Amino acid sequence: MSQINMVQSLNRSLDRLMAADERVIIMGEDVGRDGGVFRVTDNLLNKYGTERVIDTPLNELAIIGMASGMAMYGLKPIAEIQFQDYIFPAFDQIVNNIAKVRYRTGGRFEVPLIIRTPYGGGVRGGLYHSQSGEAYFAHTAGLIVVTPSNPYDASGLLVSAYKSKDPVIFLEPKRLYRAAKSEVPDEQFEVEIGKAAKLKEGDDVSIITYGSMVPVVMSAVEKNQVNADVIDLRTILPMDITAVLQTAKKTGRVVIVHEAPRTLGVGAEISALIAERAIDSLFAPIVRVTGYDIPFPYSHEEFYIPDEKRIMNAINKVLTY
Amino acid sequence: MSQINMVQSLNRSLDRLMAADERVIIMGEDVGRDGGVFRVTDNLLNKYGTERVIDTPLNELAIIGMASGMAMYGLKPIAEIQFQDYIFPAFDQIVNNIAKVRYRTGGRFEVPLIIRTPYGGGVRGGLYHSQSGEAYFAHTAGLIVVTPSNPYDASGLLVSAYKSKDPVIFLEPKRLYRAAKSEVPDEQFEVEIGKAAKLKEGDDVSIITYGSMVPVVMSAVEKNQVNADVIDLRTILPMDITAVLQTAKKTGRVVIVHEAPRTLGVGAEISALIAERAIDSLFAPIVRVTGYDIPFPYSHEEFYIPDEKRIMNAINKVLTY
Amino acid sequence: MGDEETLREMAIVGNLSNEQAITAYKTAVLARTLDTKIINAQRQGIIGFHVPAQGQEMIQIATAMLADKEDLIFTYYRDLALYLQRGVPLSLIFDQMLGNSNDFQKGRQMPDHFSFKEFNFSTVQSPVGAHLPLTVGAAYSMRYTKKNGIVITTFGDGATSTSDFHAALTMASVYNLNVLFICENNGWAISLPASKQTKAEIYKKGAAYGIPGKRVDGNDLIGSLSGLQEAFDYVRSGKGPYLVEAVTYRIGPHSTSDDPKKYRVDEITDGSEKDPIKRLENLLLKMGVVDSNFVMTTKAQAKESVDKEMEERMNIPPTDPLSIFDDVYEKPTWIQEEERRDLNVSD
Amino acid sequence: MGDEETLREMAIVGNLSNEQAITAYKTAVLARTLDTKIINAQRQGIIGFHVPAQGQEMIQIATAMLADKEDLIFTYYRDLALYLQRGVPLSLIFDQMLGNSNDFQKGRQMPDHFSFKEFNFSTVQSPVGAHLPLTVGAAYSMRYTKKNGIVITTFGDGATSTSDFHAALTMASVYNLNVLFICENNGWAISLPASKQTKAEIYKKGAAYGIPGKRVDGNDLIGSLSGLQEAFDYVRSGKGPYLVEAVTYRIGPHSTSDDPKKYRVDEITDGSEKDPIKRLENLLLKMGVVDSNFVMTTKAQAKESVDKEMEERMNIPPTDPLSIFDDVYEKPTWIQEEERRDLNVSD
């Protein structure tokens, strides 16, 4: 066990995976000598050499396209996209190729790769270093989409992603990279894909969230002593429907919190699943607290990202409904 | 007035716009001599010449990127993407550039272009000629997303898109291109962006749909004499929230129908908006009838696309709840 | 290239035996016959769609002749003769074209989107050029895992404009990967003539990446073989990627949905002077390698086997509709399971 | 290039007057001073971020010198000297860097992402290369509407690998558009040396599109001017696009977030032998155009005006938080209106 932050946790997990399995290849812009702009791949080049830690030219389509060829032919690439905002040049490869290879070949090929990418705001990165694009991927059958909210889950989900035979979009909330340390085992362990975590048991209201918003939600409910059930989804696709419905039915009051814009954000799907399957249990509207439907602004990002006040407003709204 | 199909309606509307405004430029793969693979731009090259009807090389990023430069500097490009499935190579330009130019420049630049593209299945096109990708765009603030369901709306929405100073993703349900004729005025007219159409008044259940599914829904409710309120959204972003809430509150029973996959499809947002704002009016779960969460298969596409039977099952479910 | 020249070229290739030439001819005839059969089947509604390969058979056959078994080939959607020359049986081709329950891909893809893994082919997708970056990853994997063989890929002139082409050549060059890029320049991307696709000569496009290139006469077996040989040698020797532009000719429409009269009025011909099969046939006849009787028999046999095979494969039942939920993931998630039940009930 | 040579070159350019050389020098010093000021301000938390342009001033100044007012310029995020030479006042630069309420862009973008429309600049975005396809559309529009002027665009060596670069050169060539592509090859894309970005020489990349290219010494004013002149002439005459590779040198880190010691250990220098400002300074001194007193005064004045300007601009208040809902659309939709109210209430 060590007290480490998310960057360290990811770095160690990558290191262990590379040490154990020669098929694991890391690739991306500045992942080698620089160790990644957030240092997640620090020192791996020194340990594993240029064949296994590949500094690539500046083309995300090329990175993902090449990685998918590697994955189809026996390797286990872990590709980094420097900021999630820069994944879109590879969007066609992701939704039209990677997500559909297994299907279109009748299961004869698979693309077991991992695409790691930091997302979310709070680092004064403006429009192009702050986006939370998980919904673009979660609408695409064939992909798995996960996001950890703490160092432990980061490491454990990465191992599960490594074991997955399906392509995994691994979204890392960059604001949390160094925000907190927690106990993480020194050996390899797994956090199951498709399983949410119950972070807090409570009866009055359910808060469903994930990734970058988890610490904000926890802080809000703790400071205000809200008797809340708090769910950290961890996997966005496929979502843990059991956990979602169980908590909705238990409390009958649901608040969904995410940083991405509201319209067709992941909260829409959560809300729709509940409205479809647990409507009779509800005592209040299903309320979403989200980033706004605007590009991510450079100034005033603190107003863009849901804060404790906005979360408490929503909680109070459903509690007093 | 003429009895024409959707292709003819679009073609005439394009023709009128080009005749009236020299700034209108049509561009895309095979839009010129070939007149577009679906003939929507037929004969326009002959009338307006190669400067205004541009056959482009095979690169969607180049088409959209170039069109956006044209739009920023005074022209009104109407770019065609041959199939919506092929728009993803341009996804970065669409979500990171076009949707954000006005915002990032503090309103000093705008990108008033139209991207026309046929979408949806039913033409035995398999994975890559059948997709309904509207949700990818509707999650992106800065874009307008519309889809007509009949020849009249096609023409009218196109004129409104032309007048819009914001970029419009204009989705054409290819299955309906020649499926039906209707009365369309010979002069220019508008169908307002952001306004849904009430296709049928009824009290028992609300059916909210758009685009390719509209005729299927109408046929189902008519054949089965369902006393349904039927809403054709026409604009997907920004959605007509008034129409959606009004019908939900009126009937208290909502069925949403679209062809795109369910998870984070547009139905999720519709459902979430209702669950957020009209929950007390509901007598039944909000049910979605959608394409399945699988890539669009070549064989058995008739099972993929929601049919009258699946729609009626959902209607009966909410009616008898 | 006149016949005399061709004969001289043949001497240069040297190692093309009469048997090989005859096999190539037979494959070409079979491919052409199959193609015509499919077009007719499409008209009758038996097969859903087709992109004819007519006119492009010879460069495809030459490619397959020079490829080793262990070479991995990423084709595009218009490579019928390539599959046949590499030994793919008609039965498997029809199974895919019909999308029946014998189809390896379970009827998931449109006709012409094959995945003959057993013959060391990869998988065909519709987005033009999108397979190209994959070839680079595959080549990386082969080198890394010390597998023998090179990666070969085919694509059209239109594909050279795509972002995927740029991505693939960038990576192949930077990592010095064994990828042989073969552009089948048939002069058209649907209605766009190659001259409007680019102002550069395609085989020179490698210059932007430090990749050598060569143009070959793709309508001529000998020209294709001798040109390709150099490229294969280069790539096999580990010198890195190579770009071949095979100049060929699309005799027919872009696809069964296409009407070339809209855009090809001024130069419609039957293509016969460029027809690679006629050229080989004439050469073989002239050299006395075969006689006209052989030609007739070859064509008749091709027709017979194509007709017979299609009739047989048409008897194979379609796939189970409920199978559309398989292979989205290794195991269906609760979503696909639920939707499968939904379909089963509504059915 | 030795000074002797440089003098000879100067004769070739011919039309560079002493005044122009002095102005260029002053701009360069101002740009360098401003850059240093911003880096310090960033360390103090006054400015959020910066991509230093140090080392790349001369090619930027030369570009601005040759550009006409009516030429439209698409810069990238590292072009400080280019703005200054074209007349953008320090005040506007600081307004953007500080994101204050005077900023034309309303504080929406990170520092260095300018949009000086009044000076015929377009708009800078962070995704590398993404402005390049826009340049082509702008050039099309200018030709179509019979506007004078050409389109000029700058970008880094890393940008040449992007799909946008390929897209832009494809279109510019096919439609023969007046776009001058200027690559500021500073040797690095963050930590990736240009030698690993591509195996080709960048100025030859146009070969894939039939676009001519040229390499110029971007660290030398005279070299940059004479090299660029040919390119400007070519594009202005309507012959089509042209690709210039300006070899330059990134003296500092990639950005204020970057630590080049991680990857640049083996070749860290102060860059002085390549420093374009030192080179021009030495030349002007040697030729007697200026004396050391002038040099000192120029530097002092630059510092004074930069210091003064920043102090002034820091007094300008920030934008109203509620303005973040503007300019998403021409008019906010109900969604932005509702969210604006939400923020107003929670505030």
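Before moving on, here are some points about what is shown:
Chains: A, B, C and D, in written order; residue numbering restarts at 1 for each.
Convention: contacts are C-beta pairs under 8 Å (C-beta built on N, C-alpha and C of every residue); 3 or more make two chains touch, one makes a residue touch a chain.
Keep in mind that what you see is a predicted model, and the values were worked out from it rather than measured.
Shared contact partners of subunit C and subunit D are A, B. Centroid to centroid, with C-alpha atoms defining each point, subunit A and subunit D lie 36 Å apart.
For the pair subunit A and subunit C, the distance between mean C-alpha positions equals 40 Å.
In subunit B, the residues touching two or more other chains are 56-57, 59, 61-62, 85, 89, 92, 96, 100, 103-104, 127-128, 141-142, 263, 292-295, 297. Shown for subunit D are the residues that touch two or more other chains, namely 106, 108-109, 113, 125, 127, 161, 163-164, 166-167, 170, 174, 196-198, 328, 335-336.
Judged by the touch criterion defined above, the protein chains are all mutually in contact, each touching every other. Those residues of subunit C that touch subunit B in the shared complex are 48-49, 99, 106-110, 113, 125-129, 158-159, 161-164, 189-192, 196-198, 257-258, 262-263, 318-319, 321, 324-325, 328, 335-336, 339, 342-343, 345-347.
Within the complex, the subunit D residues that touch subunit B are 72, 103-106, 108-109, 113, 115, 117, 122-123, 125, 127, 130, 132-142, 144-145, 163-164, 166-168, 170-171, 174-175, 326-330, 333-336. Contact residues of subunit B toward subunit D in the complex are 25, 51, 54, 56-57, 59, 61-62, 64-75, 77, 89, 92-93, 96-97, 100-110, 141-142, 144, 164-166, 194, 238, 241. On the subunit B side of its complex with subunit A, the touching residues are 85, 88-89, 91-92, 95-96, 99-100, 103-104, 127-128, 135-136, 138-139, 141-142, 237, 261, 263-269, 271-272, 274-277, 279, 282, 284-288, 292-295, 297. The residues of subunit C lying in touch with subunit D in their complex are 161, 163, 165-167, 170, 173-174, 196-200, 204-210.
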